[in-house]
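Every chain is named by a letter (A, B, C and D) in the order it is written, and numbering of its residues begins at 1.
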Amino acid sequence: MIRVGIVGVSGYTGVELARILSMCPGVEITVATSRQYDGRPLAEAFPSLRGKVDILCEDVQDAKLAERADVFFTAVPHQAAMGIVPQLLKAGKKVIDLSADFRLHDVDIYEAWYKPHTAPEYLSEAVYGLPEIHRQQIKAARLVANPGCYPTSVILGLAPLLKEKAINPLNLIVDSKSGVSGAGRTAKTNSLFCEVAEGFTAYMVGEHRHTPEMEQEIGKLYGEPVTISFTPHLVPMSRGILSTMYARLKKPLSAEDIRELYCNFYQDDFFVRLCEPGTYPATQFVRGSNFCDIGFKLDNRTGRVIILAAIDNLVKGAAGQAVQNLNIMYGFPETQGIETIPLFP
Amino acid sequence: MIRVGIVGVSGYTGVELARILSMCPGVEITVATSRQYDGRPLAEAFPSLRGKVDILCEDVQDAKLAERADVFFTAVPHQAAMGIVPQLLKAGKKVIDLSADFRLHDVDIYEAWYKPHTAPEYLSEAVYGLPEIHRQQIKAARLVANPGCYPTSVILGLAPLLKEKAINPLNLIVDSKSGVSGAGRTAKTNSLFCEVAEGFTAYMVGEHRHTPEMEQEIGKLYGEPVTISFTPHLVPMSRGILSTMYARLKKPLSAEDIRELYCNFYQDDFFVRLCEPGTYPATQFVRGSNFCDIGFKLDNRTGRVIILAAIDNLVKGAAGQAVQNLNIMYGFPETQGIETIPLFP
Amino acid sequence: MIRVGIVGVSGYTGVELARILSMCPGVEITVATSRQYDGRPLAEAFPSLRGKVDILCEDVQDAKLAERADVFFTAVPHQAAMGIVPQLLKAGKKVIDLSADFRLHDVDIYEAWYKPHTAPEYLSEAVYGLPEIHRQQIKAARLVANPGCYPTSVILGLAPLLKEKAINPLNLIVDSKSGVSGAGRTAKTNSLFCEVAEGFTAYMVGEHRHTPEMEQEIGKLYGEPVTISFTPHLVPMSRGILSTMYARLKKPLSAEDIRELYCNFYQDDFFVRLCEPGTYPATQFVRGSNFCDIGFKLDNRTGRVIILAAIDNLVKGAAGQAVQNLNIMYGFPETQGIETIPLFP
Amino acid sequence: MIRVGIVGVSGYTGVELARILSMCPGVEITVATSRQYDGRPLAEAFPSLRGKVDILCEDVQDAKLAERADVFFTAVPHQAAMGIVPQLLKAGKKVIDLSADFRLHDVDIYEAWYKPHTAPEYLSEAVYGLPEIHRQQIKAARLVANPGCYPTSVILGLAPLLKEKAINPLNLIVDSKSGVSGAGRTAKTNSLFCEVAEGFTAYMVGEHRHTPEMEQEIGKLYGEPVTISFTPHLVPMSRGILSTMYARLKKPLSAEDIRELYCNFYQDDFFVRLCEPGTYPATQFVRGSNFCDIGFKLDNRTGRVIILAAIDNLVKGAAGQAVQNLNIMYGFPETQGIETIPLFP
């Protein structure tokens, strides 16, 4: 029985980790931290968990924290993670960090998009935890940087074409749409029901911090540095991300060729599902699951291929993928505890 | 391995059965019928199931149908069920019927609220499949009439007070609110997104067909015939029912007394969760699960007790409860396959 | 041209006042206060207003405030209103107060449900601003207490039956459902999109502060003190209230009798619409308008009449009704500026 | 008083025309056709209209139809419009057609994207009814082809940059998102609440029929034929379109330059609102209004300008724009009857 700790259990990502890990055999949640709910059952804040999850929130820190588990999921905001993770690693623990702090290999890029980094010495060691791309490295990692929600959909959506150098990376446009849970559980006017319902808007156009993360991984797959245009939007729904990606083909591929490319690339990846020809992914068909659904349209009229990828931002885009990484790191079956069928309707 | 059949797999209840049964050990779906999707994979109509559920829809009927499984879930409209169920029973099969056709013991009441009944000889044999109330009879049943969604929430919400004769059944008011999936997957103007979203309304006021079903079970629990006022409403959400019930106390009970009454009554029932004092059930905290959450308020100012009960109408209100019945009928652990933690947010 | 002031313009009620008053002829908004947005255009906080409403938010107080307009709408929380209103009245201004501070005639009842009252000397003078019931007094008032959103729907729904003493007031059950804008624009976890969407729950069961307000007006209409059970619920939509009311008939009335009673009672009231027989009100059919739609069901089986009333909580339940009061106070056509047709879909 | 007819009044566009025209002075609706509701009041199908709109639906055709009004709004599906419009024109009436039948000047393009055209002789005469671009021609037109909802947002969003030849039209990507009312009021499974809510998906990727309409107008503005990539998506909301457009600059323009360009281009256009720098349009801020809100981001990192435009698809994207065209054709103030402030929240 592996002892796992969840640092920051009372946010949407934290509670999703609690929900999923409670369904995993071979794993026991031995500590879950939350300053806000210190001393109270997590099920008090989230009555959905009652009767199934009896975690007590605690405000444990530093050395005491490290003692309490073998592996930690850190689900705290960026900048906070870099203060906690090094201590856990030094205590010999493994860490799956769900913040942005260890995703970028280049500290200068991190600091250009975020703030100064106080633990840059771990950047080279951290493995970018997208199992479909970096499974081998994840196996051996002690620090996994769990990918951002948007990048997960985008990188999985583009990887086969990039690897094949089938598209021109200079013309990559990524137009993404996310449910509101991506904004977290903090009480902000912008996330109020009445501000969001029956509405649709863009935010951080060309400036979202997930951009360098996508560029890093897209660049690695393609073999050259890449700059993309990325626009995130807010959808009046709780869960789900759909990314629409526009690329120009460099090679004369038919729709069948492209389809085969994707099938081959993902042939051993349970969680990637290629849509039937003529159909496109929809977030409602991955809700609550760890699936990433991918579809595409070869538009001969414009010479473009349009790729669409859908995930549940809290599962494949966060907690589910983190558990997938855990499974890989500990040699469990990769799908253990995260095989849930999407909840539709 | 028990062979199960789903008759009417392409409605919301049918597909929910497929989803849940696919996660049940000891069970194999050997036939699933749908006229509309005959010959096509169920996952074509519901891409959420892709990669996990590879059921083929078939239009199988009569004798051929009975051969294909040991136990059948009939998820077809009322009036249709009474044409299918007798044949399955005659062929020696067990049936869990999710329609209204075998829920009422009294054929006259059925015919007053519905239409003429063509198989009334089975009414006395059918067991009303609410496990928390009729667990023993369900064990031995070959025909289980799975309760309606509204009645499930109402009967579970009132049972402890009724059994104790603690409330006056003459003053029972039931005000229920349901998500839109209760209206089924048929294309109707009334169920269109634009008609329902950002709106709230009542329907079938005082005339809903679930009324006699509630009155039958409430009357049995109380020991006398009971007449109730029942008003269903439509909530702009997909899943969930919340029922608010108003009753006058006949006995001088404190809030603690009532609490104890509920705790005792449901002490062996995993799926009933009593809310913490001062908190009330919410449909978002049972979504996707087989739980029924119950809370109450003793209002000394008015001498009334207000009871609130929340379920997921497609799970505890339909498919989940049907599987719970299956588990009881076959001696499986009662929670097998339906232990899912609610999906929140 | 009447100069009007809005005190507390940046909440949902305040901005709705700004929207509606901007469409009123004969009226000019000369001051609008907001601490939060002091010095900034209201359209910066609410871009919906751009190009049509060029109000500047100011933090004006005390004597300076009174000078700036002839009549004031105070749209601040209860307890805050009682600090502002007396000063405005003393300066010779008229006030339409949208808080709860001047709605209850009896200071003891106010203090039992709210907190100590610091200006009880104005309670006897304040007119309860429900035009369909108190039009004559409103004409002459200098202080109008604009009704609460729930009470507006409930009192209008029950008035004709109460006035006729046709129902037994001892058995009144009021089950109300409101959109989320009723909770205001304050950033609270409970009002976040993800907490509310796809969910339904009750709150303040038997304890909501609108209860004494309903009891006061219901009692006046019936001619005797009345105690009711009131349960508010939260609907995943922005605007709208539907109240479902259960009463026992004291007189043998037919559905036609009841219909006639309502038609007569509201024959001169443009904003009350009686639903066609067999149909019920729906919040989506009053959205954005000052209408109150009323329907009912005479249930001979139970001897009850179930009355349903729908309003837009921000319009007839707040800002629209306040403008209706202004029109009456100043001799404008009562419908001026608030004749908008509901926005559906 | 101008007599106006609405052909096809019972769809979402038709009823929106009824709602808006009822608020227009100088205009009287003298005939409104609907096969489905023949002989019944429109307010029976749409109770929102009760008390304000007393139109009777009729099934009037051919010569009889033409006699009944001076100007007609045809809100019927494409292919149906081309059968009705010629008769009305021959009878000397003016027509504002809300279908796609007369929007494309080139019959070959129409027939490539739609079906054979039976009245191509009117294509050269029809004026594309986007007032901000073709105001002068609309003044003199007897047949106005009211633009599609998506094209309205896209053309208005791009026009200033195209006219200035500031962007390279070869790299135009248009990613649009629409509320569900765009799919009409027909009962289809795809438009059911449960299929759409809490979900987001794309449809008709690279194949939507609004594409040639955009290309025609974009080409005219730029002065050369243009091919674009267009992907429409479905948002779980009733009203609203947001289009996100990606273009490469051909000229070295600063953000201030671009801003000035838009300000100048739209200086006489009441309905186009340019967002404040750093803010972006949101559909919730134009809901129920005829505004088109436009914002942009100059992304120096990628050399792209990203333009965002939001409209209410039923107002500026259909009925409101049609009334704007009517106002222009008849010399009314252009904003008459459509000055409504957006309804937020």
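List of remarks:
To be clear about the criterion, contacts are C-beta pairs under 8 Å (C-beta built on N, C-alpha and C of every residue); 3 or more make two chains touch, one makes a residue touch a chain.
Model, not experiment: these values are computed from the prediction.
Comparing mean CA positions across the assembly, the chain most remote from chain A is C.
Interface comparison, A-B against B-C: more C-beta pairs in contact at B-C. In this assembly, the C-alpha centroid of chain A lies 36 Å from the C-alpha centroid of chain B.
The centroid of the Cα atoms in chain B and the matching centroid in chain C are 38 Å apart. Chain contacts: chain C has residues 12, 181, 194-198, 236-239, 282, 284-285, 287, 345 touching two or more partner chains.
The touch graph of these protein chains is complete, with an edge between every pair of chains.
Within the complex formed with chain C, the residues of chain A that make contact are 12, 179-181, 185, 187-189, 191-198, 236-238. Residues of chain C touching chain D in their complex: 12, 15, 19, 22-23, 44, 46-53, 181, 197-198, 238-239, 270, 273, 275-276, 279, 282, 284-289, 291, 293, 314, 339-345. Of all residues in chain C, those touching chain B in their complex are 171, 173, 175, 177, 179, 194-203, 205-207, 227-229, 231, 233, 235-240, 242, 244, 246, 280-285, 287, 297, 299, 301-302, 304, 306, 308, 310, 345.
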